[in-house]
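Below, each structure is written out as structure tokens.
In the two assemblies presented below, subunit A is common to both, partnered first by subunit B and then by subunit C.
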Partner chain A sequence: MSHEPKALGGRIFTPTFCLCIFIVVIAAYFAVKRLIFGIGSVTNLNDGYPWGIWIAYDVVVGTAFACGGYVMALLVYIINKGEYHPLVRPALLASMFGYTLAGVSVFLDIGRYLNAYNLYLPWQMNFHSVMFEVAMCIGTYIFVLWLEFTPAFVEKWGLKNFGKKLNKVIFAIIALGVLLPTMHQSSLGTMMLMAGYKLNPLWHTSTLPLLFLLTAIIMGFSMVVFEATISSRVYELGDETSMLSKIARIMTYVLGFYLVIRFQNVFMRGHMVDAFSGSFLGNMFLLENLLLIIGLVILAYPNYRNNPRLLFIAATCVLVGGSLYRFNTYIIGFDPGNGWKYFPSVGEQMITYGLIAFEIAMYTLFVKIFPVFSVHAPAESNH
Partner chain B sequence: MKMKRRDFLKGAAGGLALLTLDGKVVDARMVEALPPDALGILYDSTLCVGCNACMSACKEANNKKPEMHGDQQLWDKPQDLSASTLNIIKRYSSGTGEHKDQEEDGYAFIKRQCLHCVDPSCVTACPVSALAKDKETGIVTYDKDACIGCRYCQVACPYNIPKFEWDDFYPEIVKCQLCSHLIAQGGISACCSVCPTGASLFGPVAKLREETRRRLQMKPGKRYKFPVSSIDSGKWHEFEAPKYERHVYGQDELGGTQVMYMSAVPFEKFGLPSFPKESFVSMASGIQYAIYKGMVYPLVVLAGLIFMAKKNKNSEEAEQSASTHDQGEDA
Partner chain C sequence: MKQKEFDQVQQRLGGVSRRDFMKFCSAVAAGLALPEAVTPKIAHAITSPNRPPVIWLHGSECTGCSMSLLRSEHPSLEKLMLDLVSLDFHETLSAGAGHQAEEALEHAVEANYGKFILVIEGAVPLKDGGIYCRVGGKNFVDVVREIGPKAGAVIAVGSCASWGGVAAMDPNPTQCVGVDQVLKEKPVVSIPGCPPNPYNLLSTIIHYLTFNKLPALDSENRPKFAYGRLIHEHCERRPHFDNGRFARAFGDEGHRQGYCLYYLGCKGPVTYANCSTSQFGDAGSGCWPVATGHPCFGCAQKGVGFNMPQFSTSPVLHQTPAAEHAPINVERPDAKTPGSVGLMAGLGGAALGAGAVFAAKLGKGSQHEDEKA
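Presenting the complex of A and B:
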């Protein structure tokens, strides 16, 4: 434990940071436009496709990307693998902003945002609604993530008394931080069960909750690898490949398990024919799984996963493949019939880009100000 | 301690296994039953003459704006259900389109509106109970003061009925509520009260179902009495019975609907999907029920997680204080 996390310091207004802020400003313009002139003035959403990329990307894919904090807490505090401790705080930071901005996106997406308090009125709550459960879980989890990250604020500002109090309850917060994503990530899958025949049978199955939970876990781990690889290059943190390749080994099992269930499920329901029919949706199914299989092959062989570049490629494949699975379930494989079409408008896309840019900007800002990274023995760095 | 953790993980895995079971296995919930005083509409396509009086009355009763189409700016001509059209008469046409209620070379009308499902997806989907099914009349109503505008009802509705005011800065969901505001004053749905032929017939669902059975037993070509406006109105017309399709749409579809259709043309010609008897709702919420009923599983899991997080956190702290202690001594 000689490597306590430290703030990195350094220049804040880097070119990356400024570019991100520029994108955020453009997105803010469209956000204001949406609030004044309505959702229809900015988006291509319609009565057939009531959900677009603000839900499919910002919430459904975005929170899966933000599952790094969840899987690392699960690994370190529940399965007690203390060796991965240095990866927890960076993962939590990314998760914290990922989920917070998913919340911002939902706020822009829902039409009657001022009524959101109804979710907290016991007589309005609909416990049968998957949406209710997801909304409550995500809402609560955003707070939990900020609390989980609070030790970094405590260390930065030397809030010793508060730190001691927090330390007495932090295990409960951590436990919630594992329970809530398990609940809502699987429920994000349950959500589309209700779409019924509108969702193509390649994706519509009662196994959706399990498939969504598993993709959340593999995407969470992949994001940890992806982020750690980039930050260790950008901030010269030293080589973390040995730790990351151990995570890669865990991913192999989860990803393998996922793929077995995914294919077995489609096969048992008799829809494997659709997958190889050469249709657009069949090809999307194949592409989604091909990316995951490429990831699996790299992760499965120790020689490959010990190579930082290949490991990075594998993580990227899994992230893209997992995202595609979720996109397919929410938009691409969804067909309400009646000739409805949807492709996100420029304004709609800009808001999504703005949210991503904001996440990156805040991440780079926080790692410089707050103790996030544990800098390794500088064996690799030449300084 | 190791054993305990393993047991806990097994329990958690068991909970997960529940997730993988087929909806039918974990079906803790049956399809909802029809309320005893359920109200509905029987729309008989063969009686409809396409006069659109129902559409105009609907707009008036619900304060909706006319929708122009194309160059003409004179009269209401919606192309489909929308945020300002809760009820629409659409036309099926084939070949020369000469003969009424004929599949080939013929045409037929269909009325599209909210069918007021017996087990409505939208009501189960709505997180804040803005969409609710009246316990007595079974009418699916909307409360704009509760609605948060998440549009899950639109995703969930198998008939694509709820519409959203996309161009409004504070939009509402719009759909037929069977003129429940008129019913509360002792009236009936506006579309039925103006229908000149009785094609749209208002009444208690039980009586309407009886009426469908009566019509299915009619001999085609023979003259019969057909009630007008409401099945209890006492008013009627006499028509020759058509050759009905031997199926009432809404009788069983996804657990049944309170608005039902009869026709002489197959229902899929109108773009009405053929559905199984079991609703998607019962499948989805069957799974949801099995896992979250009484929040027992989540709370058990949470207790286990707290126990383990506390134990691991404590051992980590012990380690940490030991190492800082060592460092202190070194210094």
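Presenting the complex of A and C:
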């Protein structure tokens, strides 16, 4: 590889970093309150809605955003497209924090968090549980992501011996890093199968696992585009649009495939009429898919996707549309009946915002300390 | 109980295996809500050679309670009553007849004076000196007055013996009353039901054999382990009641869906009994009236069974379970507050705005590059 990643260096305590840390401190206050006084003291969760935004955003949407590392590893190491290698490490960094914070969020969300260690005791395991599969898979994947990112630590601290040993096994770690998200991203969909009639038929289908896996892939790619566009401007890394537009071309196929399955599935089950009924949920369905279709249209034309602004808009549309799909499945389209209502409380929201802020702060910190970005690579690929 | 000890009594138990016997003992312990550690004590009490005998008398009734006992299968109750519990006298199961049977009764009473358990099935008619129920030339009321004081404990089985039941139905021409109205000097354990679950009687007897005292009783002398809760509290159709899903007529959509039978006249909300948990008789699960689609008619409750019209609705004593249990209805407030909505809308708007500004700047940047190019 001609491009060697380098630490960016520079001032750490930028205004953005300080603002993020400020939000994290507020979130930490609510997190400690929750750990001491219980879930009810901070959240609006109830018996009808045991899963709120901590699950819907931090875990379900957050890990989809964090699928950048998954799709880039899939593209570079499995499909062997070495040209995208400069994008792998930044994507992995974002994935690493995305997943780690999803784990933190689950820890805050489970009622008796002190019992969490039971997950890893083999005699306590329930192998018939989808939730166990998700928990185990995400738990393992967090560890695998940190291992995948370890070469950056090795380079920074010059751990040559350790680096050599790591090089011998890293192929297995990368393989796991591709296998595990494939498993749990589809299982995230499987989890809502058990919601049955509580979930609106526009979202409840036996195809949920496939749809979740596909949205994870398209959101992962979009996140890579989104992130690379922002960081290339913020850190003045040079224009990466040509490489990103190639990724956008791959996205076109996956996104098109997803939309065909999504609409065919709703047509086949005879619920398309609900989508156009003018109801709130019908409109949410239309909005969700409209955003994805806008993204698809922009990405489908080479002229559009080579324009950095339109590419960025497309990636954002796909990210918002994909998130909306997941929010609709987990909260908005979910009605447990009997008058249950849910809207996240201030404390609950603050913890989520705190996790996002922490992610941004750590990302900006890590790119300055550790070799993440390949500064010269874009110039080469510009030819 | 060790195998060796069990071998000594196995003959008498009629070939029941030790395993089955211990299983039965633990089932009884569970039915009485006693800890598992009591099981060996129960086993010893049942197999003890000195166990107090049971004497069983019949009054004004249909023998349904005995029939229900005979139908029990775990293990078969005739084995239990004849071999395990020493049933020294039972009028309808007795092989002898006439004076021979009466002699056996007298003999059993004299031989076990002050120790035996007297089980009475059926109401006691009082009108005209009690001439409307006579056995062996004696009025039943006199038999009860004569034998009752000699017993160690008296158990009234069935609704008739408990408070008069069907025999005391309005206008009650024979002036039937429950056993407790005749034996006022002694506590009479009441096990109402038409018929009651045989295990309610059996568990009471075995409690007496094991601890030499009666189980905890409520104000109407019913054992609390069986009659402590309303049928309604543990009814399998209770969620339908709480959610307002009712059958309104026999055979309607709600009835076919298995909804709550309250509006068909179910007396579960006013009847204290364990039918909803222990089911009815020994017929297995899903065989008690409510499960088969018929409303409870309150056979076990004085003033309800044979008293309130069968298809009229009853008052609901407790709309929600007692306060010490977890509530099944909790507050469902609208969680939206101006603060939480404002926070989400504000930050969402800020993020959107930031994205738009960034996208706009991107455009300028690319124009620059175009110009440069």
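One rule holds in what follows: the second predicted complex is superposed on the first by the 376 of 383 C-alpha atoms of A that agree within 3 Å, B and C clash if a C-alpha of one lies under 4 Å from a C-alpha of the other, contacts with A are read in each partner's own complex, and residues count from 1 in each chain.
Note that contacts are C-beta pairs under 8 Å (C-beta built on N, C-alpha and C of every residue); 3 or more make two chains touch, one makes a residue touch a chain.
Predicted model only: the values in this text are computed from it and were never measured.
Q: Subunit B versus subunit C on the shared subunit A, clash or fit?
A: clash
Q: Figure out whether A:Ala175 sits in contact with subunit B (first) or subunit C (second), or with both, or with neither.
A: After superposition on chain A, A:Ala175 lies in contact with subunit B alone.
Q: Spot which of subunit B and subunit C makes contact with more residues of subunit A, would you?
A: Of the two chains, more subunit A residues are contacted by B.
Q: Touching A:Ser242 in the superposition: subunit B (first), subunit C (second), both, neither?
A: neither
Q: Let me test your reading of the model: by the given contact rule, A:Asn46 touches which partner, first (subunit B), second (subunit C), both or neither?
A: So A:Asn46 meets both subunit B and subunit C here.
Q: Can A:Asn161 be said to touch subunit B (first), subunit C (second), both, or neither?
A: Touch partners of A:Asn161: none, neither subunit B nor subunit C.
Q: Contact-wise, after the overlay, does A:Phe343 reach subunit B, subunit C, both or neither (first, second, both, neither)?
A: second
Q: May I ask you to decide whether A:Gly38 touches subunit B, subunit C, both, or neither, giving the answer as first, second, both or neither?
A: A:Gly38 sits against subunit B, while subunit C stays out of touch.
Q: Between subunit B (first) and subunit C (second), which, if any, makes contact with A:Ile230: first, second, both or neither?
A: Touch status of A:Ile230: second partner only.
Q: Using the superposition on chain A described above, determine whether A:Thr190 touches subunit B (first), subunit C (second), both, or neither.
A: In the superposition, A:Thr190 contacts subunit B only.
Q: Could you pull out which residues of subunit A sit against subunit B in one structure and against subunit C in the other?
A: On subunit A, the residues that contact subunit B in one structure and subunit C in the other are 46-48, 338.
Q: Would you mind writing out the residues of subunit C in touch with subunit A in their complex?
A: Touching subunit A: residues 243, 330, 332-337, 339-341, 343-344, 347, 355, 358-363, 365-366, 369 of subunit C.
Q: Write out the stretch or stretches of subunit B touching subunit A in their complex.
A: For this pair, the touching residues of subunit B are 16, 19-23, 80, 82, 121, 124-130, 144-152, 154-156, 158, 160, 162-172, 271, 273, 275, 280-281, 283-285, 287-289, 292, 298, 301-302, 305-306, 308-313, 315-317, 319-320, 323-324, 327.
Q: Touching subunit B in the complex: which residues of subunit A?
A: 1-2, 35-41, 45-48, 50-51, 76-78, 80, 82, 85, 109-116, 118-119, 121, 123-133, 135, 167, 170-172, 174-176, 178-179, 182-183, 186-187, 190-198, 206-207, 209-210, 213, 261, 336-338
Q: Using the touch definition from the top, list the residues of subunit A that touch subunit C in their complex.
A: Interface residues on the subunit A side: 44, 46-48, 229-230, 233, 239, 241, 307-309, 312-313, 316, 338-346, 348-350, 353.
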